[in-house]
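Order of writing sets the labels: A, B, C and D. Residues in every chain begin at 1.
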Amino acid sequence: MQKKECIAMLLAGGQGSRLRGLTRNIAKPAVPFGGQYRIIDFSLSNCANSGIDTVGVLTQYKPQLLNKYIGMGVNWDLHGNGGGVTILPPYVGDRGGCWYQGTAHSVYQNIDYIDSFEPEHVLILSGDHIYKMNYEEMLVYHRRKDADLTISVIEVPWEEAGRFGIMNADGDMRITEFEEKPRKPKNNLASMGIYIFKTEVLKTYLKKDALDSTSNNDFGKNVIPRMLREGCSIYAFPYQGYWRDVGTVESYWLASMEILDDDAKLKMFDNDWCVYSESTSFPPAYFATGSYVKNSMVAEGCRISGEIENSLLFSGVKVEPGARVKDSIIMANVKISAGVVIDKAIIGEEVTVGEGAVVGGEYSKEYAKVRGSREHNITVIENNSDIAPYSHIGVLVMVKKDEEQLSGISGV
Amino acid sequence: MKKVLGLVHQMKNEGLLKSITHHRCMAAVPFGGKYRLVDFVLSNMVNAGIDNIGLVTPAGSRSIMDHLGGGRGWGLDKKHGGLVFLPSANGRKTGRRRIVDLRDFYHNLDFLENREEEELIISGSNVVCNIDYHKVFQGHLDTGADITVVCSGGEKEGQVFLDADEGGRIHRLIIGKNKKPDTQPVVSLDMYLLKKELLVDILRECADSNRWDLIRDVLAKRVEDLDIRAFFYDGYFAVINSLASYYRCQMELLSPQVLQELFFANGPICTKWKDGPPSKYYRTCRVSNSLIANGCQIAGVVENSVVFRKVKIEEGAIVRNSIIMPKVKVQAEAYLDGVILDKGVAVGKGVHLKAPKGQPVVVERGATYFQEGAFI
Amino acid sequence: MQKKECIAMLLAGGQGSRLRGLTRNIAKPAVPFGGQYRIIDFSLSNCANSGIDTVGVLTQYKPQLLNKYIGMGVNWDLHGNGGGVTILPPYVGDRGGCWYQGTAHSVYQNIDYIDSFEPEHVLILSGDHIYKMNYEEMLVYHRRKDADLTISVIEVPWEEAGRFGIMNADGDMRITEFEEKPRKPKNNLASMGIYIFKTEVLKTYLKKDALDSTSNNDFGKNVIPRMLREGCSIYAFPYQGYWRDVGTVESYWLASMEILDDDAKLKMFDNDWCVYSESTSFPPAYFATGSYVKNSMVAEGCRISGEIENSLLFSGVKVEPGARVKDSIIMANVKISAGVVIDKAIIGEEVTVGEGAVVGGEYSKEYAKVRGSREHNITVIENNSDIAPYSHIGVLVMVKKDEEQLSGISGV
Amino acid sequence: MKKVLGLVHQMKNEGLLKSITHHRCMAAVPFGGKYRLVDFVLSNMVNAGIDNIGLVTPAGSRSIMDHLGGGRGWGLDKKHGGLVFLPSANGRKTGRRRIVDLRDFYHNLDFLENREEEELIISGSNVVCNIDYHKVFQGHLDTGADITVVCSGGEKEGQVFLDADEGGRIHRLIIGKNKKPDTQPVVSLDMYLLKKELLVDILRECADSNRWDLIRDVLAKRVEDLDIRAFFYDGYFAVINSLASYYRCQMELLSPQVLQELFFANGPICTKWKDGPPSKYYRTCRVSNSLIANGCQIAGVVENSVVFRKVKIEEGAIVRNSIIMPKVKVQAEAYLDGVILDKGVAVGKGVHLKAPKGQPVVVERGATYFQEGAFI
């Protein structure tokens, strides 16, 4: 193996249960996002664009799709001689199998992998955030500070600060205090869950943490507080750009709708910082005579005869004449039959919506104003469901794959 | 189908599609919003399990090599076999353009002889269709023909027409316009199945006689001596050999039936993958009867048009009956009707470009129009 | 996904503990073999050469190297549009994590993967046998017999039959009885652990087996006997060629030495049935003036100044002047210093043998005669060990990586 | 180094290495038992993190495209960038062979202009070395030179020699033999670092003057006006520009020091991977001071020779001081000394092929010798 200055460990094992039906068969990082991508594409593209060509992806929960999707990293140009992407699932060793217990534990279990590249620094990432970031700049900062650990931070609204890990830093940005989800935050600088460690320091503290039977083996809850207590030099790297945690259905839906804003902060059409994704083999999108499309993104392979407004359509979606789609996210290969109304819903892959069915409702024109609230009433239809003609599926009713046909259920 | 070798020949064609083919070989001509012509023949072959393909590549054509690269888009990036570029023979050009230039294959005789496959499918690079070569090959084996020529009974434009009897045996090949207006024309799709051994024999004879056109010099003359049979294909197809057919065929793609048949019914048509977001349709856009690839930003009106990747159409601009290649920018209030804009053309604010009906006008690569007012 | 006629499920989770130090850090299928390959290369190359382009690889024990090695199957041309190779590790689902309990259980856990290709037949393979076989011929046979299950069988010497699963078949090769390791075998047709199932039958019996709490969830012990009892049509496919189970150090060493026979049955120089492997970037092997090589295979990147006899050298091995290597297998990047004697040993990757050290001994010229015996006295040195100068490492003493330097230990 | 574009130029060279270059361009010439010449420059670039490389590709050279394919062997099979084949300009040949033919770059001016890299490394495809371009580039930046020319002070053969002052500034370029026998010659390694902008300016000037040689027409004439500096490389290198240097350099590889320096000290030299078993050495073989690639079956005597893949040398055959390319078969009792056998040559039982010392004889691809007795 060739020696690398910095390699990345990408935590992709999360179940993401607050994404409800969206993570029924797949890990959270594999959830589709933005009409063309999966959530993990953003972190992996950041690695590729930042010149980090060696990434270990730690998987655990329903990794099948992720394993297939990531392969050798060809989609992100993360292959070639040496390095590349390696999937690191839990495994059976000499003393039997061991599931990953926490974020820190999963990295601890793969110290051999890290050692094989002899990196000076290790970048720890989550696979479930939407953002474009140059990790190289953070690495330069980390080196300049000669930090044991650098944590990327972002300003969040004061009223939301209690949901995050909050940093208190001195004038030099050295962190003096780290509070995980504080009741009374002294600050609004939140951890983005992006860490650069000196490799030796990381290994030392992972070993200490593994020996501590009271630990939850979590970076935020255990490892970083211990490092602070023991006097390690930890610096905050202030990040200014767009960053979203899409951990709930509401935040997922809001982040999707934000892309459609005319002045969207996530620059999708930015040629210098391309987000890579898997290739598809669909023809261009087709809009029939009489179709209608407004403020939407529509991927290739869609065939639109109906009306689309404020919506994101993934590839291969078919919208038949007279159907209306509003404020919704329609994943790949969905078929929306004639006369269907879809309103404020997330429709999973390969769903068929029968003629005249109504999905979702309660459209709020001013969604931006209620941002952060949990009262969005978004209807989620799971992958591969089959919605019977003329049925009514209301908000918060999930359709499960096993119940093959549902009809006549009105909103709850 | 593992033991069939695919061979793709190319017309010498500078200028056949006006400026579109000045800097591209026919295989590399952009088509259908995200493809190049060669994608159809390559995909048809790959979908039938043919994964060793030799492609005749004219000298100096960077575009086709850029597009095909290692063949990854088609799953042809194999350690063994895959896609091989066959340099075309760069001899003196004779007066008459050859329909299938066998000199290019003769130039690569060692490649042919070293391959282990015994059967060949030869195809032109300018036929748009989604054909199941499994069936064609089975038909070829069933009749036991020496050579099978794929053809269609449609009313389509073409270059070579066939006279076949009821058993499918071809008795005459007619080059140019179909000369018997009383009968239904049968047009060749420029695809040929035969044994490699037979091709090698033919090539050696050509070398002796120094006559190199598969159609004129071999098939047309040997209809009695060789068992040449027609395989009738009844799906959608188009042979692109003029600007008119290039334009018309892309307008045909706007029919949902053609779209379905070409892209959704049989195997996929693969191409080089280019990353980029889906297209964004702004509040001010109006889109109707059009094909639009990824990465576009559409704020104006698009009607009856084919729009390639990364095109930007500003608010108030109107695009009708046009073919807009990648990275074109159309500014506000511009008006386009019946034009073919090559890659990277910039159309300034208020510029009008309108072609006479049925006579599409080509704007060459990288051109910019910024003076306001009507044009053409 | 496109529909496939037949896909393969390759069982690669085995620990291979009888291979002693050879599987200390890697799964058995990843163990190097034949100077250039890993054991799993043989099965994967068979798939590629047989036209089976969709392979699920079931991993469990120390899969890191295997995950990296297999990637998307590019090494074996098993990639391209649709299909390819997919790693299928154990995973956490809605009801928590579940390690693979037995061969049948591991396939049962991945029925979703099989279903995604809708294959008519499923080929089950082991990743730890050395052979070249055209699975397509077996599939043709399986279809002609219209069998629920076809098992590939090979004649073994009668005295060894008790170590295998033995088939008793009627004149049509339909199996009437299956005995796992019988005391008094009625037959010498042994199962090679290669099965082709009708997909529907496989799924039915995997489900039945999963519900049976008394089952070990093993194909040979549980699933196949049950199918026989319940009247399924099971046929034996007689295989004539070379096939070796290299499950013990002795069988591994013998199979390696067999390759060196002038009339070796495993045709390594067969252009029509290539065994694919990972690329390396070494120059050709260099033989210095004064070197000596006899009846050996030497891979690229070796630099030989000493003497090599009846041995297999993997790539990048350096043999200094005066060193002698006999009847041994030397894995990649080993350094053998001046004056060393290596005799009947297996030296793991990246080992350094210090000047004048003696490893192994008790050379038996007539190893062919004692084949099958367990008395081979083969010395195994684990990967990455460091053998001190002038030390003596005897037979059956394993050098472990942790004990950094050993010296003066004489043979046991 | 991410922002450096690599450019590889090629000599027009038919026949420079006799029959070896009749059907191959220089870049595709087999070398060192498993490589082709271009592998060295590509690997040097890739090892320095340069992963966008344009390679001038003469028309009709299938061997180089076969070898490079999608660039996988070098990790250059990228979605963005990677290896791009630049078709060479196929203009009229002028009397004098150009050393670095800028017409080939001018022909691909749009490619150069579209790339975002600002810095260039141009290299010939026939230099064998393992150079750290990181260092060279750093040196180039440190001196602030307009153009840096990599050179060496060794006693080596070459084509262009330099007069540099103590600060490294080059004041004179001498083409052909070194003309000052009293001084230590400084030879160019045919590698140039400069800004893309400067190259584009130079190309435009060449187009005006219609003089196209980077050395004769640009560098030699502008030594005062441009700041041209030498970077001294002190590792092993060889410029292959004659049959003598081709043979001698491969014999030099048989020195353990050269082998170490070229293949084991700096980054790896990558090439196209070909599957196959390690070589088998039979009981009857005797091998000494030789390089032998994978897939060979050696039962005879091999001394002071370089043996490529899949060569078979039968019992009793003797091969000395020779270069044996892939798939050669040497039957029993044959005797070879000082010969270069191209790919697939078959030498029959008892045939003797011996060249005069120092004058290697080339046997062309696929030739067979079956009559017993001496030859040459």
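Observations
Just so we're on the same page, a residue touches a chain if its C-beta (ideal position, glycine included) is under 8 Å from a C-beta of that chain, and two chains touch if they have at least 3 such contacts.
Predicted model only: the values in this text are computed from it and were never measured.
In terms of C-beta pairs in contact, A-B outnumbers the other of A-D and A-B. Centroid distances from subunit B, each centroid being the mean of CA atoms, peak for C.
Rounded to whole angstrom, the centroid-to-centroid distance between subunit A and subunit D, based on C-alpha atoms, equals 48 Å. With centres set at the average Cα position, the gap from subunit C to subunit D is 41 Å. Within subunit B, residues 72, 77, 79, 268, 270, 273, 275 each touch two or more of the remaining chains.
Contacts with at least two other chains are made by residues 74, 81, 274, 276, 281 of subunit C. The part of subunit C that touches subunit D in the complex is made up of residues 34-36, 74, 260, 262, 268-269, 274-277, 279-291, 293-300, 303, 308, 312-315. Subunit B makes touch with subunit C in their complex at residues 2, 46, 51, 74-80, 268, 270. Contact residues of subunit D toward subunit C in the complex are 32-34, 72-73, 253-254, 256, 259, 262-263, 268-271, 273, 275-283, 285, 287-295, 297, 302, 306-308. Across the complex, subunit A meets subunit C through its residues 13, 15, 24-25, 59-64, 67-68, 71-72, 74, 81, 84, 86-94, 97, 99, 110, 112-113, 281. Subunit D makes touch with subunit B in their complex at residues 59-62, 65-66, 69-72, 77, 79-80, 82, 84-88, 90, 107-108, 111, 273-275.
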